[in-house]
Amino acid sequence: MTPSKTFKQKLAHIIFDYNTVPAKMFDLFLIAAIIVSVIVVMLDSVPGIHAAYGGFLYGLEWFFTVIFTVEYGMRLYVASNRPRYVTSFFGIIDLISILPTYFSIFFPGTQYLLVIRFFRVLRIFRLLKLVKFVKEGEYVRNAMVASSRKILFFLFFVLVTVSIIGALLYLIEGEEHGFHSIPEGVYWAIVTITTVGYGDILPQTVPGRALAAMLMIIGYSVIAVPTGIVSAEMASMNQQLHTDLSRIGTCCKTIDHDDDARFCKECGKPLG
Amino acid sequence: MTPSKTFKQKLAHIIFDYNTVPAKMFDLFLIAAIIVSVIVVMLDSVPGIHAAYGGFLYGLEWFFTVIFTVEYGMRLYVASNRPRYVTSFFGIIDLISILPTYFSIFFPGTQYLLVIRFFRVLRIFRLLKLVKFVKEGEYVRNAMVASSRKILFFLFFVLVTVSIIGALLYLIEGEEHGFHSIPEGVYWAIVTITTVGYGDILPQTVPGRALAAMLMIIGYSVIAVPTGIVSAEMASMNQQLHTDLSRIGTCCKTIDHDDDARFCKECGKPLG
Amino acid sequence: MTPSKTFKQKLAHIIFDYNTVPAKMFDLFLIAAIIVSVIVVMLDSVPGIHAAYGGFLYGLEWFFTVIFTVEYGMRLYVASNRPRYVTSFFGIIDLISILPTYFSIFFPGTQYLLVIRFFRVLRIFRLLKLVKFVKEGEYVRNAMVASSRKILFFLFFVLVTVSIIGALLYLIEGEEHGFHSIPEGVYWAIVTITTVGYGDILPQTVPGRALAAMLMIIGYSVIAVPTGIVSAEMASMNQQLHTDLSRIGTCCKTIDHDDDARFCKECGKPLG
Amino acid sequence: MTPSKTFKQKLAHIIFDYNTVPAKMFDLFLIAAIIVSVIVVMLDSVPGIHAAYGGFLYGLEWFFTVIFTVEYGMRLYVASNRPRYVTSFFGIIDLISILPTYFSIFFPGTQYLLVIRFFRVLRIFRLLKLVKFVKEGEYVRNAMVASSRKILFFLFFVLVTVSIIGALLYLIEGEEHGFHSIPEGVYWAIVTITTVGYGDILPQTVPGRALAAMLMIIGYSVIAVPTGIVSAEMASMNQQLHTDLSRIGTCCKTIDHDDDARFCKECGKPLG
């Protein structure tokens, strides 16, 4: 609020806010850089493109890595609470999205891990002022967290089922039909129960196929369980979501009020 | 209402209404023409049929294109608001369902795009007076629009997951196992997470298969999320739908009252 | 109730009731005959078994066909309303489950259609006095009927999508990659959107794979729509079901009261 | 409660309780032993590992079997109600998880059935005091039991559908296209309707593919039914779950009160 800000305050404003033109420009440039850098990593892995433009893409990769390193340094510099930023979700993503390029000097190949940079695109939601969007991500996450124990229980049941049926198929089909070990049988059972069905490992005997058919029917029926869990959770979340969203935008559309706010921070109108 | 209508008014009545015999005949003929023209395009692409009846089917294609061109011209001529028709959903479909035949004179092969005509079959709902049917399509669309932001968030999560796991499998499996580039790895990851599982690209190493199994389990569990979102949305929509549909057909079954109607436009009975 | 019944009345009692020992024996024998006859038809189609026991199985087939013909005759004879039985669900199934054996005299091969007999196993629910079971089948059916218009709308959307994308892949991939015609492209698109993914027809170009990936993501997201529709319908049905089932079995467990009954027909207690 | 316990009482305390250090140590050791023994069985089946470490793993297998046999004996010894323990879920699992090793002396190969030991990991929930977790497993089970009759009805419908379409494809495609018998056709139909889609058996004629496409669409639409059933059941269960869980932990967080308890057994506060 004071007219003369320090350099650090100005920088913090550009990096963390999103209301002014320089802050918007910074965010837009950042998003573009992130998306282009991910595409560069992907294209560089295509043999034909690598042969033709490998040097150019390698240069681009270092260009983006330097940009992101500078950005990481700036965020570290202006952060009011450095340890908190470093250990935050975006802090960790920001760091591991630049490390692979440096690692690739010593360990060739690791630069492909740069696709982790894709996570950085999540910053786009912040740029677009999609406050509701972030809220919705939060609700989806909340619904998943609320259901996670039930889903873990369900996954445990699936794990036990595929272990036992995978072992049985190894016994029934044996190595001559491509089941070389119990872990391979379990892999086949996972491919089958999830209805992926590659077809690289296949039961060929009558009891093996009967068991496989049983596993498919189980997988087909059992998919109902996590869906039911999440649906029921979402249904009750949905009500809460509508209640919560009614707090946003009644007076000043673009503003997300704090959860404990009783009045709009822009116009002073009381909130519902 | 006036007994002596102009030619344009009569034509508009035949094309846009569906209560009189000539209007019904026009709609019926149109639906038949649309369905037959789509089948003609499909059959013409089968080599055996093309060799035997290619000339005949080519003639039919031009026959239907001329009919649809005349129809498009008529709709343009009688439309009370021409720009609105041209930019409406059906206006655009009507136009792009005739263009490919003309384009095919200059660019051979584009006539197969005529299957876009299939969209025109949507007009059938109007003919069959399935007013409720259209309403239901609207509700399905509304439920999807209401959930679309959450589903986009979910798809973004899927996109990030397949990018990272696709890149990892490219690193682990390498070219000798069919993973020639990161984009190909991402394609494989999409084929796997959606449980399609073609089996043309396959992980063959132990860590690759472990990661693939993880991806399958994620795909299998995560399908619960959009289903939960849409189910919860539908459940609340369902109530609204029952309320809205109670406005239709209490007195005059075949009539769809306007949303703001307070009395039946046929018999004058008040609406609930 | 009269002590001296006619032969027809006694027969009707055995065939249509399920409270006395002879009626139960008749039903039990019938269910066993149906299941064994279906298994006979299935086994007879296995080359190894056919070679070894073909004659014996052929004899069994005729044995069961004669039994079911006699049963059909008896049902026709004792039916109080013959045209109604002949046109009822079970009347039609009873007839077409005996016809194939007779047809097979003139048209070899049609005897395999005898698996239609499997539908007759539905009679088992009647035998086991699973009155509630039948009720539940009815509710499942009601929920599907109530949602059928929305699901048809959804299937129409799927049909249009697979037609257009199937045609596009025919254009992009062409015959050299196994897409010999638009109908084959549409078949591939159905295999893909439903996540079956056989892998016999495969996109191999970059734009073809991009479009295929899009189709998979659509199929994966869009499965949420019918599930949401049926879930929402079931949720409202569920309440009605609990209310309805509360009418059954409060006093005399095995009895299903008529919908308009106000008192139990066995003990006279008032129903809730 | 008496200060001087008998040896049997002390042993029962260690085995069945989970509040004291020795009881916790016992449970932790047991869980570790169970997980390691399952991994041993799996690894022993991998040819390369078996060749190198077969003898060592065989020794480990017997080591764990002896431990579990001693544990089973102890449980039998201290059980207050022996027949009840022997016939309980864990009693049966405890027994059949040690039998295969003994059987393998006489019937080589049966030791792979030791993966049944995986079920024993369910004891982990008891160790971790995840009382709520067990409750949730119970609720998932209750929801599945409550929906089981409807799901059985649905599976019966699926069974009839795959039998009829499997038989039809055997008739249409015949042996030259890989459909060697009706049971093989039914296996193909199950692989298709569950959207697994291995691609080992494939329709190749036009009517066969048309029927297959129909079956896929059925499978794709029909998956909505069990999901709808379970979702609706879960939604009503969810409310009950929240009510029931409110009884846990209001005063003493780690305690699970008996269903009929009216006061907390630790602090005496009345329960809601």
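To keep things simple, chains are lettered A, B, C and D as they appear, and every chain counts its residues starting from 1.
Here is the rule we go by: a contact is a pair of C-beta atoms (placed from the backbone, for glycine too) under 8 Å apart; a residue touches a chain by one contact, two chains touch by 3 or more.
Note that the structure is predicted; figures quoted are calculated from it, not measured.
Q: Going only between touching chains, how few steps reach chain D from chain B?
A: The fewest steps needed to get from chain B to chain D is 1.
Q: Taking shared residue numbers divided by all residue numbers at the interface, is the value for chain B and chain C over half (same) or under half (different)?
A: different
Q: Could you state the distance in Å from the CA-based centre of chain A to that of chain C?
A: 43
Q: Compute the distance, rounded to whole Å, between the mean C-alpha positions of chain A and chain D.
A: 30
Q: Send over the residues of chain B in touch with two or more other chains.
A: 183, 195-199, 223, 227, 229, 231, 233, 235
Q: Work through the pairs of chains, note which ones touch, and then classify the graph as line, ring, star, complete or other.
A: complete
Q: In the complex, go through chain A and note every residue touching chain B.
A: It is residues 38, 41-43, 45-47, 109, 112-113, 115-116, 118-119, 121-122, 132-133, 136-137, 139-140, 143-144, 151, 154-155, 158, 183, 187, 190-191, 193-200, 223, 226-227, 229-231, 233-235, 237-238 of chain A that touch chain B.
Q: Would you tell me which residues of chain D are touching chain C in their complex?
A: Those residues of chain D that touch chain C are 149-150, 153-154, 156, 159-160, 163-164, 166-168, 170-171, 175, 180-183, 186, 192, 195-199, 202, 206, 209, 212-213, 216-217, 219-221, 223-225, 227-229, 231-233, 235-236.
Q: Can you name the residues of chain C that touch chain A in the complex?
A: Touch residues, chain C against chain A: 195-199, 227, 231.
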